[in-house]
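Here you go, one structure.
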């Protein structure tokens, strides 16, 4: 996925000189995850900048740049480090369009490598996406495959509204996939079209007995769980990869829920007031009569992300997903 | 009050003598500057009255700080961007933003009633959260440099704002990246009830520039000409690629923090009196008479013009109907309404509209009233 | 309610000299809402402090004070202004116990006057409570009556874990109520007992046809709506005042849901990933078979809090609550 | 490299002469100081090796920065609190925190395995988010003052940390409130791949003290005795009620940022060589021999002691079983488990435990590997 994200950035920068990349250690080293590798050499130090170490200054300057007409892509080095820049995102980026009659949105992309499972030290593994989904004015995307990663990157940059781009670091190097060199659309003009193509849920696996609804790093786990359920329980589970976390693809969600009658939502973030709660509410509000069981949730627990020797105990696993699915199936 | 480190041009009639007028400022420019002061003053007094009459909501008056606003604004080129805080709420009227729009903002109007297109006027929206607009000013000038333009940016903020992390991050970014940004601090020595001495251990704000290896300039915040001059110099320096400047406009908050504030709770009004004679409109007016640029007739004509302009704005504001409630959804996203908004609209339309909101004071169910409102 | 909060603070400070009050303009003026009025004169400037204007510094210093054994109560002047201090709250206050084997929690109370309806200028009316409920390690309280305000203040200060104390500014001066002078328990030792008494839901109105579940400023509105439903629809709605937003009182919630069979959740914050979603999910997960209709939500819309001339169009009103109730009743 | 504004005591064998030893430091104290350096060095080298062997996770080495750690720590009174960043991760071992606990933290252990009770050692937990622990140090000293105690606080942070808003807010609070806090900046001239020149426009970190009207002191960060001395002076000043001090320990990051970092991507290793001879253990060792405080036998005994101590710690760490998975819930709240935890436990117990996690590198499902880890 890292290469795909890098390709998306390169294609966007090549197509539109308004695109700039800012962050801590993004230029010279190409970022701690190498997502921005090579951009400095290709596009020069005016457009690929190692900034001072300050997230509010980083996001805030990006907002100022977008005011002037540039399209900044900001890298937050790790999930937890977005919090010092939280105010700039939720107060300013989220409200700029609204405070300017919709004429001057903050057209920025904030890239956040998030989540656990990579044996990182303390405070490098948060999943803050729900916080951003609760703040009106932001769009939130999260790819689960290399192709989506590239296409979403292009779409996010072309999109006029501020996009929080959640990058599941656990699958940064998993799930190899061919990403063809041609951008799927003209990065300069592709907004609506491009956005529509990726800002909607994707059926990662078809199935009619149960819908596993998830996003990001837990998509491959849900696919594995679905295979397990198929072979051991003779249950065919659909796997819905949300891709867009705000706004949610309510049609796809309700359609899957109604056709399967049973739903399990899976995410890594803590449970209370997480996205699982929103998906569960949407499904019950709209599909109550089609449901044969309450929507289940398999999520991170309501605890701080643990030290890594215990992170597998915290993270939703194939086992936990299968167990959660059985609870829904056996209701 | 007098302090040799504080640059001034217009004498205070006491220990500060008149100084030479900058070359660039001919009669015409001086009159324009005074006209700007007058317009801002007239707006402020009118807005304060409107609040007392319950025709707008809580208002952050800036009476006495007009020099720190008109001076820097007129020192800017038209293409330069300015970033006001709530205290410079009316600065846009010097850049073509209708005064009625600013009044409407205070009356609680949003959308196209209370906001403007910043690109049209190079005036950012009024910033309420302290110091958080400073990084925006940095990013804008940085972007201009990337695009090869000479555009500079200027941001206003208060003495209290210098305590916020965003102040520090913005000045550090600007100094490292040498952006063409002027940081204009209006040191009125109060942050609501908190005096400067509880805000910083330094004697001045200007000396904080040392932490960024940029110039720190102290100017008499009641002297419009001096404020114009130091800003113009800072802008020239910025355009020459020499980076940002921190300007401290040393003055004093002559009125309440806002219409919700009662200064008698925390300061001695006698102290206020000691500063009152420096009030910029009278001070520059007297000076213009002294140097023969203004005469009583011209002054009364100008005063009448300002009065009429603001009166017309008030009329425009009052002519505004309460915005349709669907304004809530327009426009949160430049890309159009997500389904969540369509659904919300359905819910909204399904109920009768609540009675019209009157700006005056608290909501029926509330008791919070006027106090408990800052900006 | 302001007087009750003030009384709670006074009683806590009088009983325990470890209690200190910090914030912007809290001492000399007693705060922009006068919640801390008189404390400076009574307890002196060492314990009641006007700090520099910086929320991260403010919350962060309070955490340091609690490390040393003090019990700081921090005032955030208005909801929106908590965001610059967000990192200190969600990373540090929330995790201090966890990072010290539970031996040194950040025993701080962060008071946040929140919400709209007071004709305040732009960016003075947010309802960020759900953000804090999603962050493990925090407790979140919200009073709706003067008596609860006083008792909760005492309980929050006595409580060892960090408490986000949401103060509904819209009812700061509404709903007068006698608050007796005696603290309900010894503020120094009352923790468990005191906490148990207030960190649970309260039945503000009995009813068996529908449960209106809410908190803070919308409690009086729900009571009014319930009266309206009683007289016009002959429906008796229970009104559950949650009081504790994290952890939620799941027994009280499910008990009300099961006995009524119909539930409407009401809050002022935006809908997506708000507390309403969590309550709705909890109810469906636990009471599905007892429900005669999906749980409804009447909340703020997914938009930035509007300028005040339109705030009544945004805020849940008695009419919207009644309409929402009817949707649930007519399902 | 040599800079007259940088205070030193131990000569560098080149242009810096030996200076007089502070009175307070007798032979015993000097030996203790060197012992501390040696222990820290031994820990660091061992930890780095353990990471290479996959026996702990990513590790932030501090090789060469021991002087900036041992010096200030020994200058503190036992009751003073210290606030380390990840770079000073092992500082606790000089305050009685078991080295095995620190190693366990790096091995990914939490709870009572990887954390300690800060009140027991007056050592705050290792802080990962840059500069965010500085306000804690301020609050602690502030609280001590309120309680009438002489306790001071000291916080370590890097050059990059000075760009964060929390750095500014902390120094401003401390200077306004005159808290007894020492801000100890380890200026190793790099923030991962970002050089000092891209972090700040100032030539030094010390001059940033001007913005807070507090003393800014520059000291040779490779000289343990000098680091001890400037810290002791700052602490005395602080206890006397004169407020905080900003100390800049000028040095150079001699190794990678962390075991996940590859400096060859961004800096010239030749430059590193130019600083290598200043490395504190060798430098102080040679000096102690010069002044006759250390001899080969004593040195080898001390080295053996350090080796044994750390070897024992490694054994203790390796003897640790993987913590029970219920440690996830213990203890998030000092007041006990909320129902959400009871319910989560039920879910957790209902499934078989996943295979034991090995610290080495990436998780099976992952590919993120060693890179992409800072601290």
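We just call them A, B, C and D in the order they show up, numbering each chain from 1.
Just so we're on the same page, a contact is a pair of C-beta atoms (placed from the backbone, for glycine too) under 8 Å apart; a residue touches a chain by one contact, two chains touch by 3 or more.
Predicted, not measured: the structure shown is a model, and the values here were computed from it.
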Between A-B and A-D, more C-beta pairs in contact link A-D
Note, CA centroid farthest from chain C's centroid sits on chain D
Taking each chain's mean CA coordinate, chain C and chain D are separated, in whole Å, by 39
Dist(centroid_CA(chain B), centroid_CA(chain D)) in Å evaluates to 45
Per the C-alpha means, the centres of chain A and chain D lie apart by a whole-Å value of 35
Listed in rising order, chain D residues that touch 2 or more other chains are 110, 129, 132, 163-166, 169, 172, 176, 198-200, 332, 338, 340
Expected list for chain A, residues touching two or more other chains, is 51-52, 54, 56-57, 80, 83-84, 87, 91, 98-99, 122-123, 136-137, 246-247, 272, 301-304
The answer for chain D against chain A in the complex is residues 57-58, 60, 86, 105-110, 114, 126, 128-130, 132, 160-161, 163-166, 191-194, 198-200, 260, 262, 265-266, 322-323, 325, 327-329, 332, 338, 340-341, 344, 347-348, 350-355, 357, 359, 361-363, 365-369, 371-375
Residue set of chain C touching chain A in the complex reads 56, 80, 83-84, 86-87, 90-91, 94-95, 98-99, 122-123, 130-131, 133-137, 246-248, 269-270, 272-278, 280-281, 284-286, 288, 291, 293-297, 301-304
Residue positions on chain B within touch of chain A in the complex are 81, 110-112, 115-119, 124-125, 129, 132, 134-144, 146-147, 151, 153, 165-166, 169-170, 172-173, 176, 330-335, 338-340
In the complex, the residues of chain B that touch chain D are 163-169, 172, 175-176, 178, 198-203, 207-208, 210-214, 243
Contacts from chain C onto chain B in the complex sit at residues 24-25, 28-30, 32-34, 50-54, 56-57, 77-78, 80-81, 83-84, 113, 117-124, 169-174, 217, 220-221, 271-272, 298, 301-304, 306-314, 317, 319-320, 323-324
